[in-house]
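Working notes for the structure below.
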């Protein structure tokens, strides 16, 4: 292209730039003010921290008074383990549903579809009771179990679509060679659906990482908080300490921000791929 | 109806030049076909005339109006797409009436025009159907009907028959030809199929790599191709090309030696010197099995294809060149046997080292 | 003869055996079905069952049928809050439908313009807030809107709208609207992406044909693109509905479980939380909590059913 820009286009870019500023502005404000002294925060909220106003005092206080490292680890553990289980178990179920025809196939599919539309939170009363009986209250395991149950239906749907695109010839050839069904699944299917995992990850990891409800209900105890719950509790406690508050918010944002910007291509592709389904 | 004129038109996408220095005049009522291999720029040229692409240079005039800056809607053109591009959520009637929405036509007039076009294209019974309920040929006719309804100055067709099967292609081709006769409209048609070009066009524009190679009536291009490219593109099976050399040059007469044979031709004065390498072209259908005056080409038969109405004999000449001969009807020739094809001088095409024809007799 | 039987025996060995019980199918399906049933379906069913019981201080439970629901809907101690939460949830949903999906549609349209420079950068950046935790977003906006800090009022003053500013989050009349808009701000990315994908799906030829037919950009949108993305708009609507009637995190983070001021930001999610766990003076009641959850389930199911049978049937998904 590189030709004369039509005036209409300029207006489009102005609109998009304005909205991008609106979308990013609040986040940037937090990030730059987290590194400023309290006076600078109030005196010059929109300015960048300079030699005089730069400080990390907020962060020091956060690390001193709360266990952010632990919260981060908890979130990481829950999210990663949930994702691995969802993909593994989901792939197996998706394989069974798309590959084999057996009575009840469609019924099971519909059964799973319920989970996509109906929010699992509504069963929290019973979930908590179950966890109490199983002695799993205040454990990460409880969170993992719940998140896996929550993420399975959508994951199975998405993985099913990808599995259907694997050419039948590959599987039939393996069967002709006398390979067992389990090995077919493991060696042929799993590597081929790597791109599908990106899509599943988008729909699964973000809600799990950011969730407040289940950590609040099932694992609010000391040492088991996720980062989302940790931030919420910390801010509730230190609400007048602006430095600490801003620092804790920054710490909560940073890992997601970094991960997102690094992998945005995959995420966006995964989201639009899943959306078309 | 209107003339279309292109002067010095060029188009680049960034650093890539798609079209260069296109000069063309289409008279009102002509059926012009842009033909050429994939990537030659013919579709881009059509889209430029439509206004769907901007030009990087040059001027386009439709009906004696400069239209460079005008959007498609204001150019009084209509376009038929290769994929038909019918609106899937509208009925056939609404598809055809869509364009009139923007020209402030009252309902009675819209109805009249749609039904009239439907009548011409035999779509009257399908007006309430949606595109997905129609066959490929019917969809194509709706696309044409949509164009007719708008009463444009110029009709633009972008490879409209490519998605149809062979039999349907022939039928629709005839319908388009009839449409042109009935409406008398200016039509510009893009295709990669030279058979479509030869049968539909009153004038063919051969494009190659963004340049116009030659413009002329179908038979003119057939009889007097101006260069190697046009000679090889028009006519099926393709013209035979054999390397040769100028043996003698005498004013306007030249003697060319090729594949062990000799022939005398009339050439443009000064175009050849003795010793110049040339390419000799003979169409398969112009080879003769016998002929006293014709130069003989001897060789072995590699394959024979019998189609009943004609036969194709694939020869390897003693000189090493491969040659196809089209013999009328059936033949006794068989692979492995020897064969002699005779080449009458009047059927010879000769091209110089740059691939340009040296024959004087093109109008 | 022997050849035939030999080859047919071989072909039987090739296909997955049907005559014996296909153990492998069960093995593949079991873990998913087990976890899903145990932690998703069973709790839901059990919650519904629990809602039909009432408990007292000793912990004993007795079957009371639909009495809990009667209480919920009509008892002055409960119904006021329930209907308030329900109404607020409807307002919450309406604001999302209009503002979130409207802006999402607009952004998607702009982003799907042909040859838009920097399109993927815009998409990535605008989608960023959706990636962040609702809790974090809630606090960020609390800080920005805080009159003490003064960012919001000074920015508004710069644009000449300084007089508009007020303690929006703290005022009963504006709190729900403000919280809704914060949520909209965060989640615009989702309808934007979904509608963008649907717009990309429309073949360029169709848009060219409309342009040649005489349609200007707005007409191309209104007559061609919009009708063809209606199914996606339907999906976006039902997703918004389910998400909004399940919402909790933002309100809890910004306003706490009491959803003040004066319950003006109370929606069904926070009402459910309070009912189940209790808060300050109110004692938690699992049975009433279960009743609220069941009521929410019914509301969501009604919405989903209306969508599946009323909306989705009508909207044709066009394949190209």
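Residue numbering begins at 1 within each chain, and the chains themselves are lettered A, B and C in the order written.
Keep in mind that, in the parts below, contacts are C-beta pairs under 8 Å (C-beta built on N, C-alpha and C of every residue); 3 or more make two chains touch, one makes a residue touch a chain.
The structure presented is a predicted model; accordingly, all values stated were derived computationally and were not measured.
Considering every other chain in turn, the ones in contact with both chain A and chain B prove to be C. If you tally contacting C-beta pairs for each pair of chains, A-C comes out on top.
The most distant chain from chain C is B, comparing centres defined as mean Cα coordinates. One simple way to say how far apart two chains are is to compare their mean CA positions; for chain B and chain C this gives 57 Å. Chain geometry summary: the mean Cα position of chain A and that of chain C are 16 Å apart.
Chain C has no residue in contact with two or more other chains.
With touch defined as above, residues shared between interfaces to two or more other chains in chain A number as follows: 1.
Those residues of chain C that touch chain A in the shared complex are 13-16, 22, 24-25, 27-29, 31-33, 35-36, 38-44, 46-47, 50, 103, 107, 110-111, 113, 115-117, 120, 122-136, 139-141, 143-144, 149-151, 154, 185, 188, 193-194, 196-198, 200-201, 217, 232, 238, 242, 246, 248-249, 252-253, 269, 272, 276-277, 286, 289-290, 293-294, 296-297, 300-301, 304.
Chain A meets chain C in the complex at residues 1, 8-9, 12-13, 15-16, 19-20, 22-24, 26-27, 29-30, 41-42, 45-46, 89-90, 92-93, 95-97, 100, 102, 108, 111-112, 114-115, 117-127, 129-130, 145-146, 148-150, 152-153, 156, 175-176, 178, 180-182, 185, 206, 209-213, 216-217, 227-228, 231-232, 235, 245-246, 249, 252-253, 256-257, 260-261, 264-265, 268, 271-272, 275-276. By the touch rule above, chain C contacts chain B in their complex via residues 203, 205-206, 208-216, 219, 223-224, 227-228, 316, 318, 320. Against chain C, in their complex, chain B makes its touches with residues 50-52, 71-73, 77-79, 81-83, 85-89, 98-99, 101-103, 132, 146, 150.
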